[in-house]
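Okay, got some structures for you below.
What follows is chain A paired twice: with chain B in the first complex and chain C in the second.
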Partner chain A sequence: MEMAAQPSDTLATLKTESETLKTKLEEERAKLHDVELHQVAEKTEALGQFIMKTRRTLKGHGNKVLCLDWCKDKRRIVSSSQDGKVIVWDAFTTNKEHAVTMPCTWVMACAYAPSGCAVACGGLDNKCSVYPLSLDKNENLAAKKKSVAMHTNYLSACCFTNSDMQILTSSGDGTCALWDVESGQMLQSFHGHAADVLCLDLAPSETGNTFVSGGCDKKSCVWDMRTGQCVQSFETHESDINSVRYYPSGDAFASGSDDATCRLYDLRADREVAIYSKESIIFGASSVDFSLSGRLLFGGYNDYTINVWDVLKGTRVSILFGHENRVSTLRISPDGTAFCSGSWDHTLRVWA
Partner chain B sequence: MTIKTLSQHGVQRQQMPCLTKMERMIISMQDPDMGIKLRNQRLLITVIPHAMTGADIFEWLIKKFSISDEEALHIGQIFVKYGYIYPLKEPRNLILKVDNSPYRFQTPYYWMSTRWPASELDYAIYLAKKNIRKQGELIEYEKECYNALHKRINHTWDFVVMQAREQLRASKQRRKADRIVLECQEQAYWLVNRPPPGTLDNIDHGPERRTTNTRVQLFISFIMHPCSKKNADFYKKEIEHNRISLARNRVKSSICLESYVKYCEQYQPHDPIMQGCLPSNPWITDDIMFWNMNCETVSVPTKLRVERWSFSFMELLSDPVGRKEFLTYLEKEFSAENLCFWQACEDVRHGETSKIPGKVDEVYKQFLAPGASRWVNIDSKTMEKTLEGFKRPHRFVLDDAQMHIYFLMKKDSYPRYLKSDLYKNLLARAVVPQETKKSVLPFIHRQRHSSPSPALATQAAEDDGKTKNSNSFKSNSGTASRL
Partner chain C sequence: MVSKMSSKMVGSNNLAHARRMVQQLRVEASIERIKVSKASADLMRYCGEHAKYDPLLMGIPASENPFKDKKPCIIL
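== the complex of A and B ==
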C-alpha cells in the first residue's frame, strides 16, 4: 500500500534546504570580504563642522505628511498626507501651486513626473493615480485623474521611470509592478517578498534596467525590470525596511529600518558593507537619501530627528532637531543643494 | 474608507524593537556600579527613597553615549514620555527637567512592553479611586472618560467602585512615601496609556503592516484545504534564487570600497552640501543665480559643469547642454547618426506602449534598413536578432542594438571628444561664478522670485492658436495662490 507523502514533510525539507543554501551563500559572500569600509576610508579627510539649518518650512497640510518628491526643476515639491491631500509647492517661495484631495486617507506615496507636468499618488485606495497639473485655476484637477495601478493592498511607494509614461509601484500586497500610464496596463510584476513591500528606488545605471525594493520581511531585493526576476537579495536587517536609496554611482544602495540602523549594500561585492548605528539611537529610520557626492547619508527617524552619517567613515556627523513628530520622508533635491523632510507634525522643512 | 485600527499584535510588532532597546538602557541606568546614583529625594516634607534628579539623568546620558546636551535632553524626554521614568513633582507633566526635580524609575510591572493593552476596567477603577480620593475633583478630560466608562460598563460598576474602595483602603495602611510613589507610578502609567487630548499619542502608528505569519493564518482560516502548496512554491523559488546567487561572480571588497572613496572625492567639489556652490546656494542666500547659470538653455556653461562631463559618458549624455555639444562634435566626425539612433531607442523604451510599433518602424527606416539615410553600423549577429524581434515589436526590442551603439560611442567617440579642441575650448571659455556674499543684514530677505511652472510647457503646447500668455506667468509669481 502506498503511503501518500505528507505535505508537511515536504515543506519542512524545503525550508531546511533553503536555510542551508542561505548559510552557504553568506559564507561565500564573506570569503571575498578582505577589508572594512572605514579602514579603506582612513586616508580620507575627516569632515569639518557641519551646519545645516531649516531654510524653509512648508505649512499647509492639515495632517501627517507621509511622502514627498522633488520636481526636476530643483525647487518644486509634491507632498501627500494622511488626510488625503496632495499638494504641489514651489518650495523656494513656499507658495502652494496645486492641491488635490484624494478619495482615500493615508496617501503614502507620491511622485513628480520627470516632465513636471503631472504627479502620481496613492495609498489606502490600493491604486496609483496620475493627475496632470493644470495651471487653470478654475480647473478641477481631480476631474482629469487617471487610475494607473491596481494592487490588492495599500500602495506604499511609487515613482516614474525615465519618462512620464511608466510608473513603478510597491504595495502592501507583497509585490511591485511596472505600469504603462497611457493604458493602465501592467507591464511587469515582481514577486519574491514574503510580506508588505514598503519602499523602492530606481537604479541610476547606464542601462537603467534595475530597481531595489525593501519590505516587512526584512529583505531588500534588486530586480531586473525586463524579466521580472529578483537578481540579488539581502537579508541582514532585524526589522522592517522602510526606505531604500541607491548610492549615486549605482554600485550600492542604503536602507533604513525599524531596527534603528541604516545599512549599505554593495552590488558587486554582493554583501552588506557598512552599518550606520549608534547606541543612543533607539527609534527606526523611516527614510534615507545620499548627498550628491554620496559622502553623506541623511536619515529621517521616528524619534523626530534627522541623523547625518559619514558614509565612508561610518560615523555620525550631525543630528538635526526641529520636527515635532516623526520624520516620515526625506529627499535630497535634484541638484543636491538642499534636502527636504516631511513629518507627522504636518510640516515639510527644507534644509541647507 | 476606514483604516483598520492596529491590532494588539500589530502595535507590539512595530514597537517592540524600540521598547526592548529602551528597556536595556533603563536597566543599565539602574546598574549599581555604572548607573545613576540613586538617593533620597525630598518632596515637601516626605522623603522618597531610590530617586534621582533630572540633572542626574541628563549627565549620565551625556557621559554614557558621548552626545551633546541637546541630544541627551531629547533622549531623556523619550524615557519620560514613554513612562519609563516619572516625575515626582508635577506628576501630570511627563517631561524631563534638567535641574534638581526628583524622578524615579517606573516599576517593570507598568512597562509598556509588559502590560498591553490597558483595559477599560482597569482605567475605570483608577479613575474611580481618584474620584473618591479627590472627592469629585477629576480634571476635565478625566471626567469625560469617567462618565463615558460609567455608561459603557455600567453592568460592572459596583465591582469597579468596590475595587477602588478596597485599593484605597489598602494604600492608607502604607507609609506616606510608599503611597506617594505608588500613586505616581500608576498616574504615569495612565498618562502614557490614556494620553490627555492635545498631547502626542505614543501608540500612534501607520496602517497595519502584515507579515507572512498573519497572511498564512488568514489563509488557513478562510480556505479549508492545506495552504502548503503556496508555501512550498515560495521555498522552491527561494532555493532557486539562492542557487543562482551562489554561482554569481563577486568582486573583492577592497576593490568595491575603494571605488566609493574615489567617487566621493571626485564629486565632492560638485556637492553643494559638502562644499557649497558658486555663486551661492539659493536656499541660503535667496539668490537664484546658481539655478540660472546652470539651466538647460544657458549658452556658456560653468567650469564645474563642463568638467563633470569628463567623469563618465552618462554624465555627458544626461546633461542636455553636454549632449548638444557632443552631437556637434559627432556631426564633425560624420557619426551623429549614432547619437540620434540612441535617442530614438530611448524614446521607444520609455514612450507610450501604443506608439511602439510605429516608432520601431521609423527607427528601422531611418537607421537600420539597407541604404537608410542615417544608417548605423551594428554587427551582423545583433542586427539579425533585432530584425527577428521586429516581427513582434515590444518595448525592449531595440535594447541590444542600442547597447551596441552606446558602447561604441563610449569607447570610441567619447574619449576622443574629451581630447578634442571643441571640448577644450569650451572648458577654457567656461565660467567660474563669483561668490555672492551673504547679505550683511541677515534679517533682510532678498525677494524670492518665483519661476514659471514646468506644467506651463504643456499648457503652451496645447494652446495651439493662443498666444503664449505672459499674464499667466504673473498669476504664479509673488502672490499666494488661494487653493
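== the complex of A and C ==
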C-alpha cells in the first residue's frame, strides 16, 4: 500500500513528520507503562534450586557447532558446524544417524522439517537447501539435495513453517524471505532491517501468521507473513541481537544480544517489559529459549556458560558450566523434558 | 565498476526512503496497546496455568525422563 506522494513532500517535511511520529510512539508506549513486570510478579512464589546436568554429550563435529534443531519426535537433533558438516543425531543413544557434507564452511543455520523426513541448512553459500533423510544408510544424501532459497549474503537462520512445504530464512543481506520448497520460488520478502539479520522465530501456530527477527541494527521486528509488512519494532538493545524466541503464548518474545543482556518484549503492551542481566555477565548472549510454561529462560553465552532466568521475577536461578568454549546455540526439546546446547568446543550437550 | 548516480537520483532515493520511514512509523504508531499491568498479569497467568506441565520447571522423576539415568532394577 503505497503512501501517496504529495508534491509538497520534501526531505525536510518528511524528516519532521518522522521525528513527530517517533515522539508520539514513545509517548503512547509510556502512557501504558504503569508498572514493571517484576513488581507484578512479587507475589508469585520464588523458584527453588535447580539441578540440571549434562546427560548426553554428542561428539563428532570437527569444528565449532553453530546451530541445532530438534525433531518433533523429541529424540533426534540436527546440528551444523563451521566444518561444513550437518549431522542428525539420536540424542537418546548419541548415535549419528545421518551426515551431510555441505559445499561450504560455516553452516550457520539448520532446521528439522515438521515431518521429520528432511532437514534444511545453509550458511556461507548464501543458500538454504533441503535434504530428504533417507532410511537407507548407504544412500548419498547430497545427491537428493534441493536448493530452495537464494540470498545475496550468508544465510543466518532458517525454519520450516507449519509444513514441509515452506521455509522462512534470514540473511546477512539484511532481508528475510518466505520460500516454496517444491518450486524454490520466493513467496514474500521482508525488508526493514538496516543491517544483517541474524535470527528469526515463527509465532506459535495459534497466534497466526507472524514471525520475529533480530539483527545487527540492534532492532527486533515483528512481521506479517502475508503482507510482508513490519507491524512492530523494538530498539532497546545496545548491540547485535543474536537470538529471538517467542514466549509460548505468542504474546511476547525474548532476545539475546552481544550487549550481554536478554530482554523480554510484550507484543500487546508494545514495549520491553524485562531485562535479564547482571554486572558479572559481560559476554554476549548468543542463544535463548523458554521452558514449556514460559517461566524459565535459558541463555547460552559467549563466556561458555548457560544462565537460567526466572522470566517473571527477572532473577537468575541457575548457572550451568560444562562447555569449553562459547555456547552458540540452544533449544528446548519439543516436550520440554530437556534442552540441548551447541558450542564452539565442537560438542553438543543435552541437559535435564 | 558501479557508475556514479546523478545527484538528482540520489535525492529522489533519499525521498523514497524517507517516505517509507514515515509510512512505517504511521503503521507502528497506530496499533492498539494494553497496559503493562494487564500484559504482565496475562504472562503470569499463562506461567501459572502451564507450570505443572513444564518438566524442567517441576523436575520429573528419572523414570519418566528419557535423558536421566534410570536406577538399576532390583530383582526381588
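Simple rule for what comes next: the second predicted complex is superposed on the first by the 329 of 352 C-alpha atoms of A that agree within 3 Å, B and C clash if a C-alpha of one lies under 4 Å from a C-alpha of the other, contacts with A are read in each partner's own complex, and residues count from 1 in each chain.
Please note the rule applied: contacts are C-beta pairs under 8 Å (C-beta built on N, C-alpha and C of every residue); 3 or more make two chains touch, one makes a residue touch a chain.
These numbers were taken from a predicted model, which means no experiment stands behind them.
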First (chain B), second (chain C), both or neither touched by A:Asp201 | neither
Which partner does A:Ala269 reach: the first (chain B), the second (chain C), both, or neither?
-> both
Counting only touches as set out at the top, which of chain B and chain C does A:Val350 meet: first, second, both, neither?
-> both
When the two structures are overlaid on chain A, which partner does A:Ala41 contact: first (chain B), second (chain C), both, or neither?
-> both
Answer with first, second, both or neither: which of chain B and chain C does A:Asp289 touch in the superposed model?
-> neither
Touching partner for A:Asp69 - first (chain B), second (chain C), both, neither = neither
Is A:Met52 in contact with chain B, with chain C, with both, or with neither (first, second, both, neither)?
-> both
State whether chain B or chain C is in contact with more residues of chain A in the superposed arrangement.
-> B
Which chain A residues come up in both lists, the one for chain B and the one for chain C?
-> 10-11, 14-15, 17-18, 21-22, 24-25, 28-29, 32-37, 40-41, 44, 47, 52, 55-56, 74-75, 92, 192, 230, 232-233, 247-249, 251-252, 266, 268-271, 273, 291-296, 311-312, 335-339, 350, 352
Residues of chain C that touch chain A when the two form their complex = 11, 14-15, 18-29, 31, 33-44, 46-51, 53-57, 59-60, 65-69
Partner chain A, residues of chain B touching it in the complex | 1, 3, 14, 17-18, 21-22, 25, 61, 65, 67-68, 70-71, 74-75, 78, 200, 204, 206-207, 209-212, 215, 226, 228-229, 231-232, 234-239, 241-243, 245-246, 248, 250-261, 263-268, 270-274, 277, 281-284, 288, 290-291, 294, 313-314, 346, 349-354, 395-396, 399, 403, 406, 448-451, 453-459, 472, 475-476, 478-481, 483
Of chain A, residues touching chain C in the complex | 3, 5, 9-11, 14-15, 17-18, 21-22, 24-25, 28-29, 32-37, 40-41, 44, 47, 50-52, 55-56, 74-75, 91-92, 192, 229-233, 247-249, 251-252, 266, 268-271, 273, 291-296, 311-312, 332, 335-339, 350, 352
